[in-house]
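For reference, the structures are reproduced in the following blocks.
Below are two complexes that have chain A in common, paired first with chain B and then with chain C.
And then the complex of A and B:
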């Protein structure tokens, strides 16, 4: 089990020694038990860092934000930035480096192993607590210990209230790291990989169509899924080309050729277009951190879409997103023995 | 956009299009498009009056862009772009809408086909609105040619190009040039000795000042494109200094390793250090490193000890040389279909069942038996020989679906040769039917039947096996008499199918050229471009492209050479400017396009993708890969694709 003190000491140490310019981690949030992402830059801030079952955010998103901020500053940083990374956070960091978004030496990865206890699903927890309000959550062996508003403690098996993505996680250990805290319990998936997808695929085609139609009718296009996704780092998304970023290099032709592939308004048809396009653009890149699904205010099970692409890539092409920085990306790589039976 | 003036020209192609598509309606509907200033149909747009009408219409109506809706752009894009130039507008503002191959030929319902044709033409019309006027890219040409494969095809192609003044490198995988033709005894239909006609050409090519021979070498890597290829060639170590070797044979006499001789197809043996055959070019010994006891004086070293001129060098290393060429001719030849796969004929395990090439070696004066036809098992003269045609060929269920084309002729030749060697012998030939198209071929087969008395039995042999008295029992059917036939033969010769040589698949991958369903190298067009591969600047010669006999192979080799000469005689090559273009504002430098590009035309510079305009073929793989829409093909921009999709989706 990870000792919080180790995380804080590591962060403090690195900032004191000036090895990194900042550490991306979690601190106690302002609302209830939930942690929130934080970027600390001074050693004394290290004591605010926390590690508990509500550290569900994929912090690699803040590496992307950091890089985008650099684009606007004249002074390029000389020191790397540190990130406290769970297995999933580390994998998406790998994909970002695979796509040259930043170099390996620009990032210091402090890996934290989830050790198979994962992070909490707040919907499941609310049901399990039957309305009681938790104020704090902590790891305890294979359980979560929750402090409730009335000061009492409640112990729940992590397995009961863990996020689905963690139940199906095959790699809770951050393989790509500069140092790592916690034990490697890789391979200890509590549910079969893609279990939810497999259950979903039991449905008939008509049922699935109705299901997605219902889901996409509800999408309000708040773009929370896109905003939370570290892979959605494009300055201009296919749905925004009406607001094309105009830079000095933008030619008149480019301005004239602006394409709006999908309307931005939330109609069912365009919602289909948006989500399908997003799923395609994440093929071979999504590492199933599940953040899009977690933040969706209307509870669209987006992992089903992303998992489908991930499983196709794995089964057809043996492709594992986020496995190696040097690997060629899924859609750009071709092998002679790639199956092509599905091309008709 | 509204100031655009597009002309639409709808071709009937006789009835090819007009029978299925209401061309008048297509032209009338297109006239209603906002950007279309002129729309017309004509029975044959590609005819002279048709072309003139296009030119006249462009001039009369001040058209700035043209859509010709006709056949595939593969056929007439050049024709109509040329018309655009003649009418005074940029050739790249002319596009083809294919309503024949992609519409009229594949549909029956006239109303639906017409509707589809309208959509195809409309999408092209919307596309062309955004077409830019472009200039072709001129690139210099490397005036050197590479020939891969040193058989008769490769030799002929190399000689033709060298005689036209080009520098040629001829790469051969084996230690000597010559190929399969060298293994043949006599050739049909004139029965002249194969070696006697081939060896002068071998000598000529080896002495030609413009030809550089690279034997025992293999092409490893090819980059670049038409006019400017960069090729890495691996020179395998022969462990012999070719210049020093005096061909005295002292080394092979002392060599303790005996292995089957490939040149004689295992009918004789050779040593680990050997010369492939007497007329080998280059005339030198080779040390077979796989057979040799160890390439080290401690392990054996007998050959090195005995070599007076010190030509043997155990430390010779493989060498990789990089050469530049403007054109490549692939002449990698054929192999026989493996006898092991023919289970009903003993899978190569029945003694005295030979393949056609082995029989050639038996008949050849330089062969295993010095030209006496003796069966391998007991070296006795076979008195009854059964020849079986179509072994592995024309058998889609189990083997090759295609006809190997040369077997009817060489089997007839085998029967003649056998009868000339063993006048009192009997030759039986099992055949399905006789295919003897070719000058003097039918007469040759007739001679085999009438003069040499070969017994032609129409039917398949169901199986064969060895009898106790050392004969081969052949069980077949004569379908003309309806009777079963059983022959106890002294020897059986199988006319095995031709298949692409073993390295063909690999070389096709290295060169990025296609293969057909049978594995032969694919020509660009089965009728009109039979010696060109689908990749520009790479030409095909010989049996690597499909089964063919020697005259056809030589003709194709000369044709391929002519194509290469045409290409390399141009001072500058004109390349299409419709290549990829990077939108720097969108590029994040993820390198996906770099990996996706089959032509290695994209590299990363300062974190942005950069397209090499010489290498780019405009295939669009990069554009399809880029999730950020940061790379697109000129005149097929994302905006154009969007407009085209919209045009097709609009009812």
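And then the complex of A and C:
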């Protein structure tokens, strides 16, 4: 059980002593019970930090944003930035360091162990509460305690309303850390890893296509999945080329010469191209924080695609994303005994 | 249209400059007969074949995509084909995962001396593609 006071004290201490320039954490949001990410820079702001089942955001995204802001302002800070990281946040931070997005000494990782309670899935919760609006959520052992709008409290088993990614999580403990709060409960797996994927793969080819066709038809290309992903840090996305400035002097030839592998229109074919490309770009990098699936406004199960790549990397290439800063990346390395049988 | 008429699939073939392109050339100068369904696109190395080449070809209406390069160990750039093997294995798995027929994507190793093998690879691929018919799952609707 993590004491919120410990998180606040740690953040306050570090800011007071001037060890870090800011702490990335969560504060109470303005939408019901939900927490929201916050970057605090003064010790007195530490009391606004929270830790509850709605801390589902992957905060390493804000490390990326911080780095981008540095590049934009052309200023190099001398102090590191601290991040409060769950198991998944710590893994994605490792991937970012593996790709030299920032150095290890530029980040101070305050690990928080999920301890088997994970974070909440708001869809499951809405079903469990039958529409009642919770105003606050808290951890309590293996349960979540929710305060409803009428002031009453409801206790739910975490397992019932936990996000799928947390049920299947293999590493709820942030291994890469400078300091860690909470107990290491690695090895606990409430559901078999890749369980949803294995269930999906039982389907026939035709059923799989029917399923994905339906999903690709519904995608509205809002790019929420891309915006929320800490790995999607490119300034210009290859599937969404927006950097070309079309001015009156731009010739038709110049417009035609612009390479567009995948069009921006939200049609089945182009959505297929977008999601396949994204899955490929995340292969060996996605650490299954499940944020893309959570933010999707039309509930496309994007985790399936990323999980497929993750399991493939694990089983065929013995590669574990986010395990080591020094490892070379999945698609930039090879072994002599990689699968060869599919090649004629 | 007679019942005898068979579907002629369109194949986009990404051939590496150093082995498979030369192999297809050898098939040509050796006068080996093979189906004319494949449109060759020369790339410098299979390692440079982005997954997006494959996806884009399918989107533009290719019925099958073939990627062919040097045998393992023979890459002009030492390790390009090893990287391609890993990357395109993932593409193949992903395409099958979303329900595209496994025979729509194929990879082969064809050296510059294997004109006969190149012809056989194209022949086999076209034979496997014919029963699948036109690929309209992810073809962009241009109407």
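Descriptive notes on the structure:
Note that the second predicted complex is superposed on the first by the 327 of 344 C-alpha atoms of A that agree within 3 Å, B and C clash if a C-alpha of one lies under 4 Å from a C-alpha of the other, contacts with A are read in each partner's own complex, and residues count from 1 in each chain.
Here, contacts are C-beta pairs under 8 Å (C-beta built on N, C-alpha and C of every residue); 3 or more make two chains touch, one makes a residue touch a chain.
Everything numeric here is computed off the predicted structure, so don't read it as measured data.
When both complexes are overlaid on chain A, the residue A:199 reaches neither chain B nor chain C. Here chain B and chain C are compared by how many residues of chain A each touches, and C touches more.
By the document's definition of touching, of the two partners only chain C reaches A:208; chain B does not. In the overlay built on the shared chain, the residue A:309 is in contact with chain C alone; chain B does not reach it. When the two structures are aligned on the shared chain, A:233 is found in touch with chain B, with no touch to chain C. Look at A:255: by the touch rule set out above, it reaches neither chain B nor chain C.
When the shared chain is aligned, chain B comes close enough to touch A:99, but chain C does not.
By the touch criterion defined above, A:123 reaches neither chain B nor chain C. Applying the stated contact rule after C-alpha superposition, one finds that A:332 touches each of chain B and chain C. Of the residues of chain A, those at positions 238, 261, 331-334, 336 touch chain B in one of the two structures and chain C in the other.
On the side of chain B, the complex with chain A involves touching residues 130, 132, 509, 583-586, 588-596, 598, 604, 607, 625, 627-629, 637-640, 642.
Chain A meets chain B in the complex at residues 99-101, 233-236, 238, 245-247, 249-250, 253-254, 256-259, 261, 281, 328-329, 331-334, 336.
By the touch criterion given at the top, residues 201, 205-213, 238, 261-263, 267-270, 272-273, 276-277, 279-280, 283, 305, 308-309, 312-313, 316-317, 330-334, 336, 338-340, 342-344 of chain A touch chain C in their complex.
The residues of chain C lying in touch with chain A in their complex are 50-52, 55-56, 59, 72, 79, 82-83, 85-87, 89-101, 106-109, 121, 124, 137-141.
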